[in-house]
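Take a look at these structures.
Next, two complexes with subunit A in common: one pairs it with subunit B, the other with subunit C.
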Partner chain A sequence: MSYVEIRNLSKRFGDTPVFESIDLDVEKGSICVLVGPSGCGKTTLLRAVAGLAAPDQGTITIDGKDVTRLEAKQRGIGMVFQHYALFPNMSVEQNLAFGLEQMKLPATIIAKKVSRMVDLMGLGPRAKARPATLSGGQKQRVALARALVLEPKLLLLDEPLSALDAQIRKRLRDELKKLQHEMGFTAIFVTHDQEEALLLGDRIGVMQSGRFAQVGGPSEIYGHPATMAVAKFIGDFNILDPVTIEQVFNRKCCLNWAVHPQAIEIFRPIPKPKLSEGIYQADVQITGVHVLGCVLRYMVQAKGVALKIDALNRPNMTPMKKGDAARISLSAADICELQN
Partner chain B sequence: MIEIGRRGRIIAWACAIPFLAVIFLFEVMPLAAVLTNSVFKEGVPSVLNYAEILGSRFYLGAFRVSFSISLLTALIALVVAFPIAIILRRMPGRVQDIILVFSNIGTNFTGYPLAFAFVILMGVSGSITLLLIEAGLVKDFNIYSTAGLVFVYSYFQILLGILLIFPALGAITPDIEEAAKLMGASRWLFWRRIGLPILAPSLAGALLLLFANAMGTYATAEALVGSGANLVTIRIGELTAGDVFSDPNLADTMATLLVIILIIPIVAAQFLLKPKDSNA
Partner chain C sequence: MGLVFAVQVLPIAAVALNGFATEWAGSVLPVGYTTQYMSQLFADPRFTQAVGNSLLVAVGSLVVTSTICVPAILVAHCYFPILDRWMGALIILPYAVPSIVLALGLLRLYSGNYGVVLNGTPWVLIFGYIPLAASLYYVPIKNNLRAIALTEIFEAGRLVGASDLAIMRRIVIPSIMPGLVVGLVMNFTLAISDFVYANLLVGGHFPTLQIFIGVLSGGSGRLISALITAYFAVVLIATSIVIWATSRKIAS
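Entry: the complex of A and B
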């Protein structure tokens, strides 16, 4: 039995289903990331787990206890909101102490817990400050500290990094991962950013139109997307339909292919290419070269089909240029066949 | 702040000239004239006007009645409008718009039309008064009294209160309420510890505006009870335009004292409600 079990959970707003027949397992001490485009139902699912939205059917079990019909405050859940939701009339310390006060803990214990969390989150110099005087990153750190200080059974994070700029977002993402390793809390993290999902998630649920399109580990989701929708959302795949496949690689098949840009090799054309079993090759024309840091992205046309190819940007190599003719090679093992 | 060049600054100031002219002509000049006239008695500089008002039970009574009615109706408006505004926040946008438009119209429906409407409805022979008497709920009801004034003032004060409080409630976002709820706070505790402290400056500001609005109301009171009501604005009106008791300098002195009464709570509120933010 998993630490968090969601079974057959459904929710409708009027006639519109928000999510339907959701099943999800989250193991203790892991982060489960719900990822998907806007409006796919991930935030409503999180709110249903929190007790802030009542599901129409199904059950939610946390640590062996059915919490489906329990009030939000009785579920032992901590939540971090996208826009922080800090209490603006209270200092950082008071924000952290608020939840502990509701637990009727002695003042000395509250002070000790707050002080420890303030130190752990590096908020010491800002402990007496009001939220209005904090930066976005500091506010989100306070929001996280406020949820964690209650030692919740389950931490829910609703797009907590999306309101921050790229650099702070990256730093906080790393800090969150480190903190989770140190403290071992169990969390469900909602995001629409696939990079964030792959980096943070021990398990990832890709949602599409109120259902899970695929649930799995980051390697599985990234390497073997189950459906066209997952492939389009996660990673930066070249998606090829059967007609295109035949046109480019002269292969007959009935399923779509998803191919990572880095799975395709590109090289200067050689007079007599050696063909072997399971290797598909095609001649291409380079239509663009983009330097993406450590990666060179080649935009190519293969018999009228546009493909993107990533190659390692080695310091002393001479990259091919726009307009050059080239040859690409693809191993059958690197092809993901999509169900739809 | 938007950075603008020297030319932009000159153009900005030039565009502001008509507005500044209006402020100067219709706010600064009249206020300066009122202040200056208040320290003249029969053409001679003197503080006798102040001495006369502060030594007169009649004029002090006018201030007391105006102050009481204004404070009472401001408090009534705040107490009634606050929950209405909270409920309104939870309503669909279209309903909000309709109620806000209605409140806006109602707030500006003052003076003679309002008094006339209340006379028809709740005067001695008003339809509602007669219905209430018929139903045995009241024996008589006199709208031409101080209690009647409180009743009529409350009408536009409550609607103004809704208009003032509604936007302030935007500071209480749903996720703040939900965060408190998840931490175990009841609705009552949320409002006591978080909601009301957040809104305190806005509520105090609304109270001051409602108080000032009532203190400055003239036409409604004049239309309803004429000179029978001992209000500051009625007395100023009499002293300015009255045939028998005309004394514009004394009217200016009362106006000056009225301004002082309004300035004191505004300044006090600025000090008391200044956010205690720490940059530590």
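Entry: the complex of A and C
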């Protein structure tokens, strides 16, 4: 039995279902990341778990206790909102203390817990500041601290980093991962960002129109996307339909392929290509070469089909040029066949 | 800025000077000064009674209107958005109908037809100001409410385990304090400077400052200047007290 169990959960607004019969398990001390296109129901699912929206059907169990019918304030769940939702009239410290005060803890214990959390989050210099005077990153830290200081059974994060610029986003993301290691909290994290999902998630659930297209660990999701939606979310795949596959590689098959750009090898054409079982080859024309730091991205055309190929950008290497003819090779083991 | 100051302050200063002048005609400033009219005024028992009456009505209406209107505005805004839209329209009604209609309506309402008899007592004024007061609270408080993300704050508050009442008391009300202070001050000045309703509703039964000013207006110009000066002083002091008291509450 998992720490958090969501079973058969459904929610509709009027006639339009948002999600239907969703099952999800989250292990204690792990982060489960939810990803998926806009409007697929991620926020609604989190709100149902938090008790801010009543599901129409199904159960939510946390630590063996059915919380489906409990009010939000009795669930012991913390939530971090995309737009922070800090209490505007209170200082950073008061924001953190407010929840503890509702638990009727002695003032000395509240002060101790608050100051420990303030230090842990690096908010010390701004402890007396009002939210309006904080930067975006600081506000998000306060929002996280406000939830964590109550030691929630489960922490819900709804795109907590998406309002921040790229650098702060990366830093907070790494800090969050570290914090989770140290404190061992259990969390469900919603994001649009695949890098964030792969880095933070112990498990990742890819949602599509109110259902899970695939749930798995990051390497499974990255290496073996099960459906087109998952492959599209991970991004950067070469996606080939059966007609194209036959055209380029002379193979008959009935499923779409997803191929990582770095799974394809590219080299200068050799007169007599060595053909072996499970290796597919094709002649291509290079239409573009981009230097992406440690990676060289070749854009190629194979019988009119555009492909992208990544090669390691070694020092002292002479890359092939635009317009060159080349040959590509692909191992069958690196092909992900997508179920529809 | 200087011009605004001049326009606003000069007439008051002139009235005040007039109240203290022995003779003022044909010169820029009065010929001499005296406190004769002031002391005459303060010696008049009708004046002290009028001040007392006015303060009683003003403070009474502040207490009554703020305990009725403010919670109504908050609850409508937070829980009944549909009702709230109606309230926005309803709130300007007392200003759209002529005062005489409203006054007659109030007189009918409080003359025993509906089991409440308040006519001729200060209560009819205190309760009569409620419809007028509502909009004076509504506009500034509403502005403050719109400026905060109320739904999110309630959700965030509930998630940290707070009851709605605690969220109201600790977060929402402190956030609307500036609007509340504006509302209180405006209502205070409304109650203390109102002549129309005071005259129509209670008239001579319960003379307020304004009614007293009306009584005196037939007499000496000096005396009435002294009265108006005193009246300004009362309003100024009382308004400062309201602002001071409420801003102290914010700081704590």
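A few comments on the model shown:
Assume the second predicted complex is superposed on the first by the 339 of 340 C-alpha atoms of A that agree within 3 Å, B and C clash if a C-alpha of one lies under 4 Å from a C-alpha of the other, contacts with A are read in each partner's own complex, and residues count from 1 in each chain.
Everything below uses one rule, namely that a residue touches a chain if its C-beta (ideal position, glycine included) is under 8 Å from a C-beta of that chain, and two chains touch if they have at least 3 such contacts.
Note that the structure is a prediction, hence the values are computed from the model and not measured.
Overlaying the two complexes via subunit A brings subunit B and subunit C into a clash.
Between subunit B and subunit C, more residues of subunit A are touched by B. In the overlay built on the shared chain, the residue A:R130 is in contact with subunit B alone; subunit C does not reach it.
Of the two partner chains placed by superposition, subunit B and subunit C are both touched by A:H83.
When the shared chain is aligned, subunit B comes close enough to touch A:S91, but subunit C does not. Clashing C-alpha atoms with subunit C appear in just one stretch of subunit B from the list 4-12, 184-192 or 238-246: 184-192. Looking at subunit A, you'll find residues 50-52, 72-73, 77-79, 81, 83, 85-90, 98-99, 102-103, 146, 150 touch subunit B in one structure and subunit C in the other.
Across the interface of their complex, subunit B is touched by residues 50-52, 72-73, 77-79, 81-83, 85-91, 98-99, 102-103, 125-130, 132-133, 146, 150 of subunit A.
Considering their complex, residues 148-149, 152-153, 155-163, 166, 170-171, 174-175 of subunit C touch subunit A. For subunit B in complex with subunit A, the touching residues are 171, 173, 175-176, 178-185, 189, 193-194, 197-198, 275-280.
Looking at the complex, you find that subunit A touches subunit C at residues 50-52, 71-74, 77-79, 81, 83, 85-90, 98-99, 102-103, 146-147, 150.
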